[in-house]
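What follows is a group of structures, each given as structure tokens.
Each of the next two complexes has chain A plus one more chain, namely chain B in the first and chain C in the second.
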Partner chain A sequence: MSQSNTTLRIELQFSGGMELLFDNQKTIHAKVPAFFPLDDSAEEKHAATIRDLISWTASNLLKERPELFIGADGSVRSGILVLVNGADWELEGELDYELEDRDEIVFISTLHGG
Partner chain B sequence: MPGATDAKPTKPLKNPCNLCQSVRAILKRPKTGQQLCKECFFHVFETEIHNTIVDNKLFNKGDRVAIGASGGKDSTVLAYVMKLLNDRYSYGLDLVLLSIDEGITGYRDDSLETVKRNRDQYQIPLLIVSYKDLYGWSMDDIVKEIGRKNNCTFCGVFRRQALDRGAIMLNVDHIVTGHNADDIAETVLMNILRGDLPRLQRCTSIITNDTSEDSSGIETSKILRSKPFKYTYEKEIVMYAYFKKLDYFSTECIYSPNAYRGHARVFLKDLEAVRRTAIVDIIHSGEALSASVQANESTKLPTMANCTRCGYISSNELCKACLLLEGLNKGLPQLGIGHTTKIRRMAEAANLASGLSSPASLSSSAASGAAEENIKVVTHIKDLGQLETMPSLDSV
Partner chain C sequence: MSAPTATTESLEVRVKRLEQEKAALEQELRALRLEQSITLTASAPLAHSTNGEGAKNDLQGVPSSSTVFTPFEKVAALTNPEIARYGRQLILPGFGIQAQMDLRNCSMLVVGAGGLGASCALYLGAAGVGRLGIVDHDTVDISNLHRQVIHNEARQGMSKARSAALSVQLLNPHCEVVVHELVLESSNAQDIINAYDIIIDATDNVATRYLLNDASVLGQKPLVSGSALRLDGQLTIYNYRGGPCYRCLFPTPPPSETVTNCSDGGVLGVVPGIVGCLQALEAIKVATGLNKEDPPTMTLFSANSSTMFRTIKLRKRKAECIMCGDSPTITKLIDYVRFCGSSATDKTPDLFLIPYNERITCQSYEELLKCRVPHLLLDVREKVQFDICSLPSSLNIPLKALPNELEKVKANLEGQADRPVYVVCRRGNDSQPAVRILQENGITTGEVKDIVGGLERWSNTIDPDFPKY
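Up next is the complex of A and B:
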């Protein structure tokens, strides 16, 4: 099984304070599974979406205080902005956006004081 | 995934900008749902702030204006945009940056480094005023004394005065702050929940002046305060900073859980999810409520006078900052926290016994040498002369 079929190269960026939850890393080059759910016995698999990426990131990369990253319904906490390849995810289908190899996903927290 | 297969990003101009139609949109505006490309977003964002400034006649040509700068996203974008609009539209403003150093190690010292970089990047002079110099106590000192409960009360009361004191040192006519539409809507909610009508009035006005409604004729501060971002959404401020690659500091204050505001904020975001206009609706309802408070003469708002000790504007004999300081310096930090009227009565009784006029006599209730030392600075802002020794304006 070749690596390229099963994982996607995704560049994750964290800013606006989001990086503090990820060991102060502003950029993480991640190899994200291309299909979910990960459970091998799952009958039907679907191509990875941002919804999958968020929970995968929370279980694999997040270092602390998951409640500051994860919100209701498997989304990010309200107040976190998400960009997909430089554009507001609200223009890209939000949680249902299907990831592609070499996508760049940015998470920006708006929650810190001004 | 509905529509996922026929909407690959490779397709040219999947989401054209609603304005120029020729470039890919990068932002969906929270206010209108409009989708905009980067350049059109910058233009609309800046122009709306310009219109807010012009429509509300915030400034006069030649005004000297201090930008309250914390190094955070809002004030960083404010400094950048004020500079840009001042140049673009020839406002003729003399801009300065004013920062407050609360004395919080690991938080404010780092954010002040950001402000210093902003000073150099935007070529705007900077003055930093510290709690330690103004009041004799840094927030680190205060937290050591009183713990983490209630320390935000001290910080909030001290900051408001500190900004005014800094503005006096800078000889400015006007202070602008980075409060945005989301902040104001949160504050409206909090003030409604507390039934705080005076603050409800103040928080919705785009421009305030401590003495404007004071019929007593006593004036402490003629300095105007305004919020050019009153109608600017937080999401757009953050996106603007991101796309402009502005340098801002984003760490939460180490002493402030700010739980109450946090809940108001989450509630607001939930409302916004089901009703796009929730934020402007709440600002509007705050304005409508304060208009009806003003119209209803039977609703008594506190009359403003001046603090007998430091001269700052106050609705009581002692302003809140002097009351809090007295508590700190006497080793009774509860003074001024909680039920203010009751505690004021206690303080006044204590002062009658020990003689209010002489600060030295305060030591009678706090015998330690350390307390004695602190008492030397109890007069804080009374001594405006002392401010001459403050760090001088750090020009570029």
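Up next is the complex of A and C:
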């Protein structure tokens, strides 16, 4: 399999303070594996979903305090909104959305100050 | 004034003209009296520093919360002074007299007279909203003024709700302003919210945001919600035309340790100002039906980003939402402080992580300095805060970096294995987990303690010249 088939180019964006967990980077151009699980011995692989992206991001990109990013059930913690190509992820299937090459995924922490 | 003479003017016209002049003079007089009351306030600031009793007498023009339940009277036409005032909006295509009348016959509630509420209330009052309620329990502090531009230097210690109401009245006496000088909570929120047409969430904490959402859903009111922190802002209209409520998006409150307030995270003053203006704009659009075709969206503002504004499409109301869904399980207001695990203000609470005997007071630390006891003073604030002010010969390692910089701490013991380490921060909260980290890693055989109350208390009790921020 060629490189382009095994990884997806995903633009990750962080906003509302999420960037502080990623070394203050607002945008990360990531090469994300196209199939999960990553374990080679796994018999059945599936196309990468947002669920996979969240755990992959936590293990590969997160700089500090995973509890401020990851929540229950492999999702993000409460108070984080996820956007898929500019739309609320709930419109796209939430955790089960299958990533496509050149997708833009945004993690926004809701703000409460005023 | 070059008034026509009695011979060229009929008696009837003259009476009308004089009545108009009288009304205009009365309005000017009201504005001047308000201005005067503020000058009096400035010369006697202590009158407002305790419970605001002194302020009440100065504010005869501004009704307080008891009057809100008098029905809001709609009108069939604008007066000539109103037409003169709103002329630039009246000639605006797509707005015009109908939209101006809609505003005049609309009542709005701005919850929070802080950074968001400041610009929002001013623009709503100026634009010609008929009745504007302002809720706030807090008083004006000097550290508010870089962003809360509705208040001013002379009003320190005055109720924010009253100060905001005064400013709106000075700007536009046609707007009826109602002061709600209280903490909005489950026991009082529903009655207040039911008395208004549009609710504006300009608050600063999670608990009040859920409270406002639920009360707005129960009262069937659109909720124009804004928030701001550091260089970012967010804006959404909840519970409006089939769009989501706050709980549809955020069914569970965020863990309290992930919530940052402006006092700890910092905020550039103009950022909440911009979001507050956007809230005023959205509220005007809701009142006048300008946005009735728009799908639900969230607008993200990021001051330091190449695209400052970004609007994203939001989900519709969720059928399974426990608040606004098809079979809601919440049918009355709940205990939001408990639900969110955080208080209904943006004040930072004191942390009590380590026992008192593992801490020292500012006084004891000063003694220790005077006696020249060799020790290491570790300041665990962020560098940006350390750069503002610090105690002499303190070592700065921010709490977040401490676990990775323990060697640096050891190196600063200058070879004395039992040299005591004292930890200081801004208020005596972050210093406590820092003490635990140092103890767990056996940094010194001497004592490790933190300074109770931090540098803020140092300034209050030991050295008044030490700056507070």
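In this text, the second predicted complex is superposed on the first by the 109 of 114 C-alpha atoms of A that agree within 3 Å, B and C clash if a C-alpha of one lies under 4 Å from a C-alpha of the other, contacts with A are read in each partner's own complex, and residues count from 1 in each chain.
Here is the rule we use: contacts are C-beta pairs under 8 Å (C-beta built on N, C-alpha and C of every residue); 3 or more make two chains touch, one makes a residue touch a chain.
For clarity, every value in this text was computed on a predicted model and none was experimentally measured.
Model built by superposing both complexes on chain A: chain B and chain C clash.
When both complexes are overlaid on chain A, the residue A:D40 reaches neither chain B nor chain C. After overlaying the two complexes on the shared chain, residue contacts for A:E64 are found with chain C alone; chain B is out of touch. Judged by the touch definition given at the top, the superposed model places A:I108 against both chain B and chain C.
Of the two partner chains placed around the shared chain by superposition, chain B is the only one that A:G93 touches, whereas chain C remains out of contact. Shared-chain residue A:T49: touches chain B; no touch with chain C.
Chain A residues 15-17, 78-79, 81, 83, 86-88, 90-91, 106, 108-114 lie at the interface with chain B in one structure and with chain C in the other. Interface residues of chain B, counted against chain A in their complex, comprise 1-4, 7-9, 15, 24-28, 35, 70, 72-75, 178-180, 183, 234-235, 237-239, 242, 250-253, 256, 265-266, 269-270, 273.
Note for the complex: chain A touches chain C at residues 15-17, 26, 64, 67-68, 77-79, 81, 83, 86-88, 90-91, 106, 108-114. Those residues of chain C whose C-beta lies close enough to touch chain A in the complex are 112, 114-117, 202-206, 209, 226-230, 232-234, 249-255, 257-262, 265, 267, 272, 298, 300, 302, 305, 310, 312-315, 318, 346, 400. Chain contact summary for the complex, chain A toward chain B: residues 15-17, 20, 46-47, 49, 78-79, 81, 83, 85-88, 90-93, 96-98, 100, 106, 108-114.
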